[in-house]
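The structures considered in this document are given below.
Both of the next two complexes hold subunit A, though its partner changes from subunit B to subunit C.
Coming up: the complex of A and B.
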């Protein structure tokens, strides 16, 4: 029983926030042209020196790995997409992954609506390794949570995040640009509040 | 309609009870000072109206999230329902007033003449040219307006066409646009 990751998408289908907890496979940072600030705390791929100083909040903190690469290469890692910087990352890059998550949510949702009228909403699906929960607001924000397959519905958690931290630290925060299309909504208060909320849940294992 | 309208009234009153309040006089005076400052800065009432509307719009786009988070309402199925929610829940929640709704007959041009000096009228019409199902527009008449509690417009401002509470129109436009409606404001008298 545990929680893997949280994605928030805005009405332009862009991922504006990402946070992970017990992910089994570390995520690969996005390639340079697709890098959007303020979405996640993955080390920026372009500048290895900056990556060194960035504190990555995921438990799969790869900072030490990155710095190892830098030292073995004599601090001359030039391009973020070279295999050297991505050593240890096996999955898809972040931007590809969010596109896939959004794609699957959108098509499932449309399929459900087509199958049985407009009043029915898509809430979750489950595979043998994970469960995806969706909470959608009327204003087009979509909160997606990946959790252990054995958990009950966690939509209420997503709603709590919307009502609590999201409204308090994103909507009411004038420094966060909603609808910006170029930047995410990440800020320290929001990240801390979401983290505390998740860790406070009974299904949040260790 | 009447059972739905009662239900919205109950929701509005319930949410109002749970809302944090600020001093009404402080709010009114702050708003008055804001409008006066805008008039001084722009020296043109049309510009002031535009700025107020813009401010309201920016407020509205965020306020709608707050509103949805508090009330947990679902999407309205009819336009009349939208009018009920705006009046009985939204205005009640944020300003503790319940504007009276009326639906003008379709395809009539709304009267441009002032109703009374103390009444603020807002009107929204759908911006599409094709014939729309009735009702496609509604008017909110404010019996009391907390924004203009102490405000008495000088003749100059009234004749210059200042829409004192135009910020409200912006708020409505911003918030309804976020839940996909298209609205614009016609008169504030």
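Coming up: the complex of A and C.
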């Protein structure tokens, strides 16, 4: 029983907060043009070459051992060893991953609505490696939690985070700009409160 | 458990069979169901890419408030999607039976073209009997 990660999306479809706990595959930091402050605490990419180049890769690629990197002068370089963004990371960059998570949530939500013919809410889905839980607020915030596939519904945890830390340290915090579209909502109090809440759960593994 | 509907999706994401077995979910035009099946196929591919541990398969089941869906992927890439009520005891056995009926009535039929829509009265009647038994149990 473990908890993997938490994403919060606002009504503009932007990811405004991210935190993870037991991810066995570390997430790759986003490239500099796609870096948004105040969302996560991942280290920014260091290599200047990686900042200039745009990495084009299909989301359907299974392995990223060789990917085509197009540098600003138009030369095609086969990566795999050169860019620092790939070192030690096998997954998608943060910004790509959040887009996929949001896309899946939105598609499933619309599908459930179409199939049931009324305003029924999509709550969760499960694969053999993880389970995704969704809690949607009336103001359009979407809380997404990834956990172990065997857990029961954890929507109550997302609701607790919303009525507890989120209202206390984000909504009532004059320093946080809600709906800014350029910045996230990250602050020390919120991060610490979410962390403490998660660690206090019985399903939070070691 | 009540089975609301069954879809069969081929490995390219096309809907090759769909039947409704209860009236809990409203009837949808075939075009809408085709779109939803294609969406599900895409979502299934993406869900395996956002796994926090890396690797792993795609979506196996999803839940709304009063009902859920189970996606059963065969080794050859065909997907069976069962929409059902919650809770769902005996769903795994039902899926294996559906797969068995598919193998018997569709795959062993020499007049069936693989990956094309299923037009088999044997398949339909055997499924109908299975679903009636499951829905009345």
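By definition in this document, the second predicted complex is superposed on the first by the 167 of 206 C-alpha atoms of A that agree within 3 Å, B and C clash if a C-alpha of one lies under 4 Å from a C-alpha of the other, contacts with A are read in each partner's own complex, and residues count from 1 in each chain.
The criterion applied here is as follows: contacts are C-beta pairs under 8 Å (C-beta built on N, C-alpha and C of every residue); 3 or more make two chains touch, one makes a residue touch a chain.
Note that the structure is a prediction, hence the values are computed from the model and not measured.
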Subject >> subunit A as common anchor, with subunit B and subunit C clashing or fitting >> reply: fit
**OP:** Between subunit B and subunit C, point out the one touching more subunit A residues.
**Re:** C
Subject >> Partner chain in contact with A:167 - subunit B first, subunit C second, else both or neither >> reply: first
Subject >> subunit B versus subunit C as contact partner of A:128, first or second or both or neither >> reply: second
Original post:
First (subunit B), second (subunit C), both or neither: which does A:114 touch?
Top reply: second
Original post:
Regarding the shared-chain residue A:102, is it in contact with subunit B (first), subunit C (second), both, or neither?
Top reply: neither
Original post:
Between subunit B (first) and subunit C (second), which does A:179 come into contact with in this model arrangement: first, second, both, or neither?
Top reply: first
Original post:
Touch check for A:139: first (subunit B), second (subunit C), both, or neither?
Top reply: first
**OP:** Please provide the least distance in Å between a C-alpha atom of subunit B and a C-alpha atom of subunit C in the combined superposition.
**Re:** 14
Subject >> Sites on subunit B touched by subunit A in the complex >> reply: 61-62, 64-66, 68-70, 72-75, 178-179
Original post:
What part of subunit A is in contact with subunit C in the complex they form?
Top reply: 4-5, 20, 22-25, 59-60, 90-92, 97, 100-101, 103-104, 107-108, 110-112, 114-117, 120-130, 132, 146, 153
**OP:** Please name which positions on subunit A make contact with subunit B in the complex.
**Re:** 137-141, 159, 162-163, 166-167, 171-172, 178-179
Original post:
In their complex, what parts of subunit C are in touch with subunit A?
Top reply: 25-26, 28, 32, 36, 39-40, 42-43, 45-67, 83
